[in-house]
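Paired with chain B in one complex and with chain C in the other, chain A is shared by the two complexes that follow.
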Partner chain A sequence: MRSRGRLRRRSAITGYALLAPSLFGVVCFLLLPVLVVLWLSFQSWDLIGPITFVGLDNYQSVLSDGVFGNSLLVTLIFVALVVPIQTLIGLGAATLLTRGLPGSAWFRTIYVLPWICAPLALGVVWKWILAPTDGALNTLLGQRVEWLSDPALALPAVAAVVIWTNVGYVTLFFMAGLLNIPGQILEAARIDGAGAVKMFWHIKLPLLRPTMFFVLVTTVISAFQVFDQVYALTQGGPARSTDVVAARIYYEAFDAFDLGRAAVMAVVLLVILVVITLAQQFYFRRRVTYEMD
Partner chain B sequence: MAKRSTIIAAGVAGVLLVIAGAVTALNFSSSESSSDATTVTVRLWDEQVAAAYEKSFSAFERDNPDIQVGVEIVPWDDYFEKLRTDVAGAGAPDVFWVDGGSYPAYADAGALLDITTALPADAQAGWSAPVVAQYTRDATLWGVPQLADPGIAVYYNADLLGDAGLTADDVSALTWDPTGDNDTLIGVLQKLTKDYNGNTADSAEFDGSNLSQYGYNAGYDLQAMVLNYLASNGAQFQDESNQYAFASDAGIASFQYLVDLMNKWQVAPSAADTNTNGDFSREQFLQGKMALFQSGVYNLANVSAGANFDWGVVRLPSGPAGAISGVDGIAAAGNAASQHPAETQRVLEWLGSAAGSEFIGASGAASPAVLAAQPAYAAYWTSENVDISPFYDVLAAGTAPAPRGAGWPAAENAMRPLLDEVFIGRTPVDSGVRAAQNAANATQTE
Partner chain C sequence: MKWTRFSSTAAVYVVLVLGALFTLGPFLLSILTAFKTREQFAQEPALSWPDPFTLDNFALLLTGPAQFGRAIVVTILAAVLILVGQLICSILAAYAFARVDFPGRQVLFWVYLSTLMIPPVVLVIPLYLMMTEAGLRNSFWSLVLPFAFASPYAIFLLREYFRGIPQELIDAARLDGANTLDVLVEIVVPLSRPIIATVTLITIVSNWNSFMWPLVVTTGSEWRVVTVATASLQSQFNGNWTLVMAATTLALVPLLLLFLLFQRSFVRSITISGSA
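Take a look at the complex of A and B:
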């Protein structure tokens, strides 16, 4: 009895020791910052002055602030634009690329290139491409379109750049999912007379649910947190039409130097993301097919 | 054979030892140089002045072998974000540049060295009085004056003036008037603005939506445009209690005039270009696509290096209240939490001396705030055949102060998006400017 207990204790110690490095990372770089942000949300601080406890004042100020309300709305529209379009394009591209067509390997590399580049650098390049005067796109079109300074066009333009950046990432995962589908299942469907469309809807798509779950969770989170491209392209303008929550947090913290309000916005964003992720998990829980045999 | 748990514990201890060693080494290497000299770090945003500083500090180090000075350049766009976080994290350099809008918050937080008491009184003599006044708060000086931008003037492209049948004299005494009664500026700008078909803005065929050559820059540029147009029409940007007061009738008329130059007369780049790219007008001028470019001496070196056409400088347009220019200065502040206070004070004293500042003036990089170093600046530009007197002559008519008060960053953050909409023409000038003023003042009361 005693030796079994000692064995279990030793196993536990070994387990914790092996976990220690990643646990250290999670605690120091994830848990602690979240707790600090939570604590900051109840303080007033401009980074250089004294930190003062203000209770719920920051929450009251932020939640009644029309500018933050606008940021939430802009972010929701942005997510609604980006996630479905990049998922559809990624799925379509993955389907084509797994058919072994000539040049597929070349296209696979091309699609992934934007995703591995620094988003800020890509934003700067796209700012030049979309510039109203002497911009590459307007020069090509032969007419002046104010892509980034017209409030009606700015958000779709930023969304297009983000979709262009992320499509390779989405494609990569769908390709892995499609290639993971056992050949005998597809063969059996083909023998049963299923065409390409039926096969996609009734065989491939259901078997892609785990991939779909992963892709949707990660892309929704990343779309809610978009910052680099907005910072490089529009800085939240014009008329706050691209003032997404992450950008608003940045400007509140580092332009207005109001860390307390910025922390409240970060907490709100965290809560939204947790709720959405849980909802996605709930939705996919009974639908995800992890086993194929 | 050693126990597994012992091996794991030894492994963990080893990793921690390596991390601790690395951290110690980093700390050691950042605080001490390889020699016995103490390193004092100086941070600024201007590359040209930084090059002058390098020469200046070489001379300083020859006479002060116990001190090494390291110059850090942080680009303007990120400068104050980085400074704030560095001060908060106790990682700020020993000496850093501040501007008039940023220093009050640091002074109030006790992050800056009190120059009034830190430097000997004789070392504080001979500095530009307006810059000293700008960096004095509650009777305490919070920075060693470094740059004293004189007034704003207008750079002209002589080739484009010639193409329009004009000379420098024709643009050296222009007037602007919101009522139009005494306005000579718009007519000249119409001659200097062309569409892609070569039609000038004063012709009936002119297509203002498609410009190939701009007459002037009129976008939101506080120092080069807004402060001067407000003051030249008798309006204030801030009142005596530092409240924002630019939405007076005269102030709104000034904004309206600038907005009309872009959107009604179409003689300046659209705000669609200038709102998101603060350097757009300078780029157009340097590319030979803008005839008149209103700016300060801070662009002299850029224009001198980048313009491959004949150019010169004339006085800025005179408004109903005269030709009144905004003035601004830059100071080097000492870090109150510096690990080397004595050495930091010696570096600051050098920066405020004629010998230390001479290098800034002699390189033509910027106008020094140390009066004894200013002749070297004038001499440099004379040797380059550039007459910089319009930047100085304009000061005789009076000056408009730069934004002041601890709340300027928050105020600008609140009003800028609203003014961008005014300049692009989507918001009417009067309501937009009033909303911007209210937004700016609201940040001061929070």
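Take a look at the complex of A and C:
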């Protein structure tokens, strides 16, 4: 009995010792910063002077002026542009790549290349491609289109670049999902006389629901945080038409030097993303239990 | 019947090839332009072959005031230190979560997992304040420290894998007198090579590509990383696209090579998160 207690104590000590370094990192660089940003959202700080308590002033200022509202709206439009389009293209590409044609693996490799590369560097390349006078696209088209400086075109242009970056990632998941569908099910449907279109709508698409769900959630969350491509392509302009939330937080903090306001925006973004994640968890659990019935 | 089958296959290939060209186009444009002279760039279409083929852009980039060579060294050093730190801390933690019994194990694992919900953008401002207070702003350590101790994601992946290692192997080693560290070094790590390779790739890629934090925490060229150097080059030499494309080429090509070398591990490391 005593030796069992000793063993348990030894095992506890081993456990905590193994955990210590990572716990230090999690506490100092993940949990503490969340508390600090919450604290900072009630302070005023311009990076140089002292930090002073201002109560709810930052919240009032952020929620009353239209700048942050605009950023939220721009981000929502951006997500609404990027996610459905890249999902459709990814799904299409995955269907073509799972037909067992020779060379499919090569195409898959090519499509995923942009996703592993630095979004900032790719953004800079696209900045040149879309440049008004000496840009590759306008030279090809033979006319001057202000892709990035026309307020009506800038957000769709940034969205297009992000879609181009992400399509391969989405394709990979749909390929995995399609290849997981049991061959017998497809065979049975074929014997019942289902054509390619029917097969896709009534058999493959419903069976892809878990994959679809995962892809939508992860891409919505990442699209909400887009920064690198916006920084490279438009810096939030023209006329704040691409001023997504992450960019606004950055410029509020390190361009306007208003850390308090930036902290408020960060807190709002954190809340939005946590709510999305938890809603997804909740929905997923419920759906799974329904399927168990 | 045969003919329609053939023509639909041909149509599929046409679509796939067009997609591939569209995907590769920007990479090709970046690489081709990087080897061109400014004169050729100004006169010929973007997709022309470099003639004369020049290395001047790279030479200017690496030896000139842009200090791109230094940025590459800083980026590699930071990535290596972060990788080593993360691997050690994550392997220890993952083993504790997978195989050691201690009070609070479930709660702590849940806390680790819940930090995955925190978007990096939110961390930038408080970390900046913390680094300023610690006197570490604009230093090499400010690039490394926040990421060198733990990656909850890596811990999650490693724990799943470690749980699949047969307990009998560990027990047998224990009977031979091995302590926990011996077990880790002699049994767990050698048996977990695939997942460790996956974690290594994820860590290298995300650190080579990381931009917002280095942009915020460093000023001037001393501790600039490759992405930040590329961005500042673009605003500094706006319009000098041959030079800027040499920079993007240097930022992109190492990862392209890494990807082509470890293609299968890469694809697996991306899709592995799908089962998470």
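Note that in this section the second predicted complex is superposed on the first by the 243 of 293 C-alpha atoms of A that agree within 3 Å, B and C clash if a C-alpha of one lies under 4 Å from a C-alpha of the other, contacts with A are read in each partner's own complex, and residues count from 1 in each chain.
We adopt the following convention: a residue touches a chain if its C-beta (ideal position, glycine included) is under 8 Å from a C-beta of that chain, and two chains touch if they have at least 3 such contacts.
What you see is a predicted model, and the numbers here were worked out from it, not measured in a lab.
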{"item": "First (chain B), second (chain C), both or neither touched by A:14", "value": "both"}
{"item": "Contacts of A:230 with chain B and chain C, given as first, second, both or neither", "value": "neither"}
{"item": "Contacts of A:117 with chain B and chain C, given as first, second, both or neither", "value": "second"}
{"item": "More chain A residues in contact [chain B versus chain C]", "value": "C"}
{"item": "Touching partner for A:149 - first (chain B), second (chain C), both, neither", "value": "first"}
{"item": "First (chain B), second (chain C), both or neither touched by A:49", "value": "first"}
{"item": "Chain B versus chain C as contact partner of A:132, first or second or both or neither", "value": "first"}
{"item": "Which of chain B and chain C A:220 touches, first, second, both or neither", "value": "neither"}
{"item": "Partner chain(s) touched by A:159 [first = chain B, second = chain C, both, neither]", "value": "neither"}
{"item": "Chain B versus chain C as contact partner of A:32, first or second or both or neither", "value": "second"}
{"item": "Set intersection of chain A contacts, chain C complex versus chain B complex", "value": "14, 18, 21, 47, 127, 131, 254"}
{"item": "Residues of chain B that touch chain A when the two form their complex", "value": "4-5, 8-9, 11-12, 15, 81, 84-85, 87-88, 105-106, 108-109, 111, 209-210, 269-273, 275-277, 280, 409-410, 412-414, 417, 420-421, 424, 426, 443"}
{"item": "Chain A residues touching chain B - in the complex, by the definition given at the top", "value": "10, 13-14, 17-18, 20-21, 46-49, 127, 131-133, 144, 146, 148-151, 234-240, 251, 254-258"}
{"item": "Chain A to chain C touching residues, read off their complex", "value": "8, 11-12, 14-16, 18-19, 21-26, 28-37, 40, 45, 47, 93, 96-97, 99, 101, 103, 107-122, 124-129, 131, 134, 136, 139-140, 164, 167-169, 172-173, 176, 211, 214, 218, 221, 224-225, 227-228, 231-232, 245-246, 249-250, 253-254, 259, 262-263, 266-267, 269-270, 273-274, 277"}
{"item": "Residues of chain C that touch chain A when the two form their complex", "value": "9, 12-13, 15-16, 19-20, 22-24, 26-27, 29-30, 33, 41-42, 45-47, 88-90, 92-93, 95-97, 100-103, 105, 108, 111-112, 115, 117-130, 132, 145-150, 152, 155, 180, 205, 208-209, 211-212, 215-216, 226-227, 230-231, 234, 239, 241, 244-245, 247-248, 251-252, 255-256, 259-260, 263, 266-267, 270-271, 273-274"}
